[in-house]
Amino acid sequence: MKAKRPAADRLLADLGNGRVSLDAAVEVLLDAAQDGLPDATLDHDRARRCGAGEVVFGQGKTPAQAVAIARRLAAKNGRVLVTRADAAMRQALAAAFDGSVPVAVNESARTVRVGRPPRPRGRVAVVAAGTADLPVADEAVETLIALGSRVDRIADVGVAGIHRLAARMPLLRRARVVVVAAGMEGALPSVVQGLLDRPVIAVPTSVGYGAHFRGLASLLAMLNACAAGITVVNIDNGFGAGYAAHLVNVTGEKAR
Amino acid sequence: MKAKRPAADRLLADLGNGRVSLDAAVEVLLDAAQDGLPDATLDHDRARRCGAGEVVFGQGKTPAQAVAIARRLAAKNGRVLVTRADAAMRQALAAAFDGSVPVAVNESARTVRVGRPPRPRGRVAVVAAGTADLPVADEAVETLIALGSRVDRIADVGVAGIHRLAARMPLLRRARVVVVAAGMEGALPSVVQGLLDRPVIAVPTSVGYGAHFRGLASLLAMLNACAAGITVVNIDNGFGAGYAAHLVNVTGEKAR
Amino acid sequence: MKAKRPAADRLLADLGNGRVSLDAAVEVLLDAAQDGLPDATLDHDRARRCGAGEVVFGQGKTPAQAVAIARRLAAKNGRVLVTRADAAMRQALAAAFDGSVPVAVNESARTVRVGRPPRPRGRVAVVAAGTADLPVADEAVETLIALGSRVDRIADVGVAGIHRLAARMPLLRRARVVVVAAGMEGALPSVVQGLLDRPVIAVPTSVGYGAHFRGLASLLAMLNACAAGITVVNIDNGFGAGYAAHLVNVTGEKAR
Amino acid sequence: MKAKRPAADRLLADLGNGRVSLDAAVEVLLDAAQDGLPDATLDHDRARRCGAGEVVFGQGKTPAQAVAIARRLAAKNGRVLVTRADAAMRQALAAAFDGSVPVAVNESARTVRVGRPPRPRGRVAVVAAGTADLPVADEAVETLIALGSRVDRIADVGVAGIHRLAARMPLLRRARVVVVAAGMEGALPSVVQGLLDRPVIAVPTSVGYGAHFRGLASLLAMLNACAAGITVVNIDNGFGAGYAAHLVNVTGEKAR
Amino acid sequence: MKAKRPAADRLLADLGNGRVSLDAAVEVLLDAAQDGLPDATLDHDRARRCGAGEVVFGQGKTPAQAVAIARRLAAKNGRVLVTRADAAMRQALAAAFDGSVPVAVNESARTVRVGRPPRPRGRVAVVAAGTADLPVADEAVETLIALGSRVDRIADVGVAGIHRLAARMPLLRRARVVVVAAGMEGALPSVVQGLLDRPVIAVPTSVGYGAHFRGLASLLAMLNACAAGITVVNIDNGFGAGYAAHLVNVTGEKAR
Amino acid sequence: MKAKRPAADRLLADLGNGRVSLDAAVEVLLDAAQDGLPDATLDHDRARRCGAGEVVFGQGKTPAQAVAIARRLAAKNGRVLVTRADAAMRQALAAAFDGSVPVAVNESARTVRVGRPPRPRGRVAVVAAGTADLPVADEAVETLIALGSRVDRIADVGVAGIHRLAARMPLLRRARVVVVAAGMEGALPSVVQGLLDRPVIAVPTSVGYGAHFRGLASLLAMLNACAAGITVVNIDNGFGAGYAAHLVNVTGEKAR
Amino acid sequence: MKAKRPAADRLLADLGNGRVSLDAAVEVLLDAAQDGLPDATLDHDRARRCGAGEVVFGQGKTPAQAVAIARRLAAKNGRVLVTRADAAMRQALAAAFDGSVPVAVNESARTVRVGRPPRPRGRVAVVAAGTADLPVADEAVETLIALGSRVDRIADVGVAGIHRLAARMPLLRRARVVVVAAGMEGALPSVVQGLLDRPVIAVPTSVGYGAHFRGLASLLAMLNACAAGITVVNIDNGFGAGYAAHLVNVTGEKAR
Amino acid sequence: MKAKRPAADRLLADLGNGRVSLDAAVEVLLDAAQDGLPDATLDHDRARRCGAGEVVFGQGKTPAQAVAIARRLAAKNGRVLVTRADAAMRQALAAAFDGSVPVAVNESARTVRVGRPPRPRGRVAVVAAGTADLPVADEAVETLIALGSRVDRIADVGVAGIHRLAARMPLLRRARVVVVAAGMEGALPSVVQGLLDRPVIAVPTSVGYGAHFRGLASLLAMLNACAAGITVVNIDNGFGAGYAAHLVNVTGEKAR
């Protein structure tokens, strides 16, 4: 996805002879600079929450809307990821693309991936503290696959049974970056980061009740983690964690 | 400290012949029932936050006031514990009792113990996650000593270096109940409880900054701990944790 | 439930001749140490919130899932407790085990106990401030029974009618530890602890409205209780209170 | 303090012949209606927080400013109450009025009453849960005296020693209305209201620490009190509680 | 409803000859003192939120339960008030008592009054800021009627049209105490109290959205009201406001 | 809508000869002053949230109620705006006015405008950060049209793609005042105000999840905006933003 | 302060012949567009909180720093406003500019205005609810003067004495926009907007205590104001309110 | 800093012949695995907040303590970083190491770096939104230098003047990862991430007032950022952001 520099010459000429105003030129140049980004997918993905781009935020959309948007994006880019898709939307998307392109539906993550994902690069580990945290972790997993990262998925290694984590250390040490999703007291990222020298991205989940305040307890715990190296995303934001982890993972690729 | 039942007969007679009213009798009888508790120190201690009893809450009092109250209590009970005593108060108390009775001043815990403590019974472990949590842990330690529990004090075993905790497991397994003081993400009680089948009393501390909100982050983490068996006290309440731990420890004694 | 030490010799040999790596050995040894805990039920129970163990957290599971998990656990341990089970799940569990083993369904507590509980030991009192707090208190009661504690259940003794509490004092004094569930202003634990020298475990409930903020008012009141000896669990966490109370109660047993 | 109706005739004439505008007339009439209130002190007192009236809110003022305002008000009304006066302001006020009129300085309440208070009417009880709550209770006491209510002051009857309250029941039953100031878990108003059929005005105090959040815990507890009849004022607002209690007490007078 | 003093003589005799224990005697005497309250309805009403008494808190009960409780109370006291009764419960209650006793169903207040209310005494004004606040105001009105206060109901006089309030001043000045229910910015109590020398009881309502936080905005505004004399109850607690207002109103009666 | 001054003479006469009381006169005069406002629509609109006026707050009303109120207002004023109207209410209103007057139904804004709007004056821009913010922006648009402002609607120019905003600068510079609706991080108003010297009215929306806390995050961001000139309304309050923007826009008109 | 269009021709030439890169051109053009704003002061003022521009945010700066910045700005623009200047900074600034240019020091507002302000245009009213709110109101007044608006300042017209407001209505009606600063219950903007058809900008102040939470109570009240037309700025942000009011006032000017 | 594997053979022998217990072996092995980490500095740094390691958290320590710890660490590792060092501590450290090793004192960041930092690798950009955010940004810069990352520091490019950012885009595009520190509305990370395909680590600062709630507003804004790829650390945690950024930057190095 290389940058396509605008025809600057023509613009300059038009600006010079008054055919375009200064304001219009600014706008064109800005667009040009934007298009010049090395990774054009970025722009589309950025639009996910606004309803367009290679990633579609399914929540609040009808199945028909999601299908329409996904078709357009798949036609343009060859692939598309839909997140926060409920059962009806998942079914509609699976039916819409049936036969034409590969479609991967993930019930737990509530995602639908259309098209063949990029060749997996590098290595990212995604850890869920408890089984109830799996949907959030799986959203991160699917996002990573869709963006082109190789992923290891590790489940059920919560802090109240710390020996379970020890068994997975070899796997964790192989990753360039680790995503940890945890609800309740949200302590797992601290323990994981304490054993690793790789960046840990923590995702607080809303799993809990009472004084959990729908994820606030986990969020605060992670922001106050004693182990340096942890950064945090919004509650239940598996997509955001996966996206950020992919950027870190790719940093390793680019440096070559 | 056995119960001293009131002279019920005289009261009944007085009530019968009208010398005391029904209301007055109720009050006397209530007092009597109260005095009948097996552990008379309890009543005084309960008054700690109100400024009287065998335990004096030093905060908000002048050194002179603290000395006066402590003298009265020591005279009555042979011993007294002063908590939240600043440097001036600690100095004043040390001077006041100098020579007459044993005085133990704890700079970290900000406590002064006057008089010989009871013979230590049972076994309680008090754990501090970080060095900054030590003052709170030490307040629990001093409270336990003053009440008559045997204490093991364990420092600096935070979750971001979990192997440090493993080394202390034999000590922890020897305790009837464990007090864990932790600030920041407040995750240590979960890990400790996950390795023990004894009650764990968690004390959130105000050690942290920013989104820690003066102890709120630690408090919420502990209330949402995944490991069953944990109970929680107020932020920085080392006294309360020590007091509750003593009651649990003594439960073991009483059951004999 | 004695500890079953691993075959340390074989491990050492394998490690010595390179058949197992150092990392793998660490893990095996950790597991071994874990298995060595005197009370093996602990480990399973700890897993409750993650969907496995002798206690199943029913919330968020389908009746079929709960039945499947309960069957496996009952087969392994001879008994199982399911908490937060709605009507459909209770019915499914009752049907699944019908005839084969004793099944105790508690509508109020929303629990199902499968199998004969352990012989009751010691004595724990569970107090509900109002009738609306009973479901939370009953979850504590069922947990205590399932774990093997003898329980006295006391209902409707709220602070706005303090004489009702006086009538229950003899019963309360017989307990080794008292669980108090209260919503609204959450004041009952303070009053109970003020009359007792036993540990009180306070459970704030979400019973209230408006400025109660779904249990926050009760929780804060209990954390700030004037009477020393009170410890607190999460809002509506009857299970956690019962579990902690059992550990305290058993402390009395063990000390013998 | 009877109402002084304005010279309505002159106003009407002026309005009729155009000497005053309609807008001006509205204003004059409104002022007139206001002056018509049976208790003229009310209007001035209402202005307390704005810096004028028979009650002066000392906080944020210099001693000199407080003296100047108090002099003007005392000259006009014969008496004045200054609240939230620090040591310097109390000293300045005592010196300013020395010899000329009676001056009552209350160190605990941080108030200065100038002039002879009205003849005490009715009966109001003011209760402090702990000694630390006394300053707030005393502000209520001084306000009640300044406004003309007879007051009984009761200290140190917190819920964690409920028998202490029983002894004061006869006194409480004599009052027309009871003010209860309490910090920590704020439970005393519930217990008091549960024993009385008189209105209880609850004042949460900021006495506490950690999860007390500077009075929030007490405030929420009081707003959620189980016992009907309780109303609540702002944290540490002894003045407001005393003022409202006086209005209730006087209701009894007026009904005659 | 006069007090029925217990047979103190018999108790004393039994206590003297050991037929009753000291503990049991305390309890009997406490009950006796309680029964001795001048207004026996108080005790029952206090139990409202616990499911019994002359006032039934309908929320969380089935229509059948509400009918059963109401029948028992009506049989005992001749009257009963049910609050927070949904449509089904109101219909069931109306049907249950049809023909036998007067039944007053208030759709807005969600209340059912059974039996002839006491002869109305004194005078209380209940003000609703907006039409959406009427259900809360009406709950206060019904409570006042049920308890025996004479009520004036005033609707739709919000602060954003202050002239509407002026028209009702004569009515407000006739009341011994005023209840004001307001949502949104909760400013009406301040304005009303500013024009009156009677106690004002403010009820914040949950009417609002967004940064209203389900009543928090109104609650805080009322607690911080500039006008002295205002006291506050919980959000949407029309019952509590009416109850407290009745106690104030009756204070006027009693003083005669 | 010119002011209709009351018959002041007759009132004065009546007041003079005692036919009306002073209190009654005050009220009449106040009403008169109120009627004297240059823009009579104001008074009715102000009543919107109370259920009457030219603007009807549909939420919490039945379709039948909304139709009845709208009919009355349309008959009186020739036009009416209904906000927060769900599908059923929109359908009922469309049917009720069908054929007789123009009816504009806006599905996104959930509004129904009845009658021909005033001739559009001035120029206001309404900007939505994302497509999910459009319903709130559209409520502002419909309010502005109903009140008589000319509106430019700009969608999908969020901060995470800042070049999209540049293209709309000419349009924004033409407006007298700009309304910006944004959820998520709520940053768009800062950027827009940074490029403009016109007043910006920011509307936080509840679009977001997790730590967004239903609009709180956007609200706080806007209140703390670095760019001077921004003012803020309640979360999701498109009506309020449109109303305030109209007042600003009209200020430009009036100044002529 | 007219816009100075950049030498576009030269830039285009340079871009054409490769002397400047596309990125550099974008930047230059953006700067140009920015300079093209009709009111160049805007750009500098916007920088106030960053430490530069015609308005200096004094808080966190030393007197020497403030003097240095103010000298540079005054030299460039002929005038400068310093806000949040403590006594030392005010003295330093007064000394620095003494004699050379007019200097206006406002103790209440904590501001220093250097240089002759622009000729006052239009009319803005600034209202303070209580005397304690005056510093915030005065910051708005000084900002308005410095920017060139004519100001009427109105003090002490709080809602708990609503007749005081009536007297100022003629003055308020003359303003194009009204700024209202209020602490405590923050109700004044609602009442003012209810009487006016001009935009009202509300400034919550931190004047209050206890459940005021440093301005939160006032802020929430204003955001939930029933009267349409109110917009809100941050707590104690007199500068921001004055700035926004000036933009509205100038809208009136521009429209001519 | 290569891993030094423990003498596993000897341990195994000792374990085999019973000289060490299983528990002790577990601990030794754990320590060994820990030492085996490729980057030994990690372990020490992790201990920063506990008072030991190559990074010293100066807050709460005396200058003498900081000097002692720093000396020990410098002796061991050749370098040390002290953060949150006040003026006295900075002076003491500068004096202690004077002449022996290079010492870099940063007044803004409140840090002292002792010893020659590692050779800078890769490239990290650190951006401060306003000058007041510089201390936090500078703490990140110093941490990055101390750990061995090459840093570009960019100041004063806040969103309310978006063209300033455009000029720095070439610099930002050169970085492998960007740290953005911002107070107030915290919007800068969204804008920066919207223009970049590199990971952005956002640091909310406590710069603000009123409804900023000491950093909460910035924190929430960043957690809700619309642009994917942003992760967040605690308020004012420049150290944590720098640490995490270094881990990401090094990921690029390692991948080679």
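Should a chain be cited, it is by its letter among A, B, C, D, E, F, G and H, assigned in written order, with residues numbered from 1 in that chain.
As a working rule, a contact is a pair of C-beta atoms (placed from the backbone, for glycine too) under 8 Å apart; a residue touches a chain by one contact, two chains touch by 3 or more.
Small disclaimer: the values here were computed from a predicted structure and weren't measured.
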item	value
Chain-contact steps, minimal, separating chain G from chain C	2
Greatest separation from chain B - chain, by CA centre	F
Averaged-CA centre spacing for the pair chain E and chain A, given as whole angstrom	54
Centre distance in Å when chain E and chain H are each reduced to the mean of their C-alpha atoms	59
Distance between the centres, which are taken as Cα means, of chain H and chain A, whole angstrom	25
Per-residue multi-chain contacts in chain D, two or more chains	23, 26, 30, 33-34, 46, 49-50, 130, 158, 160-162, 169, 184, 194-195, 210-212, 216, 219, 223-224, 226-227, 234-235
Chain B contact footprint on chain D (complex, rising order)	130-132, 156, 158, 160-163, 166-167, 169-170, 184, 209-212
Chain B residues within the chain A interface of the complex	129-130, 158-162, 184-187, 190-191, 193-195, 208, 210-213, 216-218, 220-227
Residue numbers on chain B that touch chain C, as the complex places them	33-34, 37-39, 42, 45-46, 48-50, 122, 169, 176-177, 194-195, 197-199, 201, 219, 223-224, 226-235, 239-241, 243-244, 247-249, 251-256
Contact set on chain G toward chain H in their complex	23, 26-27, 30-31, 33-34, 43, 46-47, 49-51, 60, 204, 206, 214-216, 219, 234-237
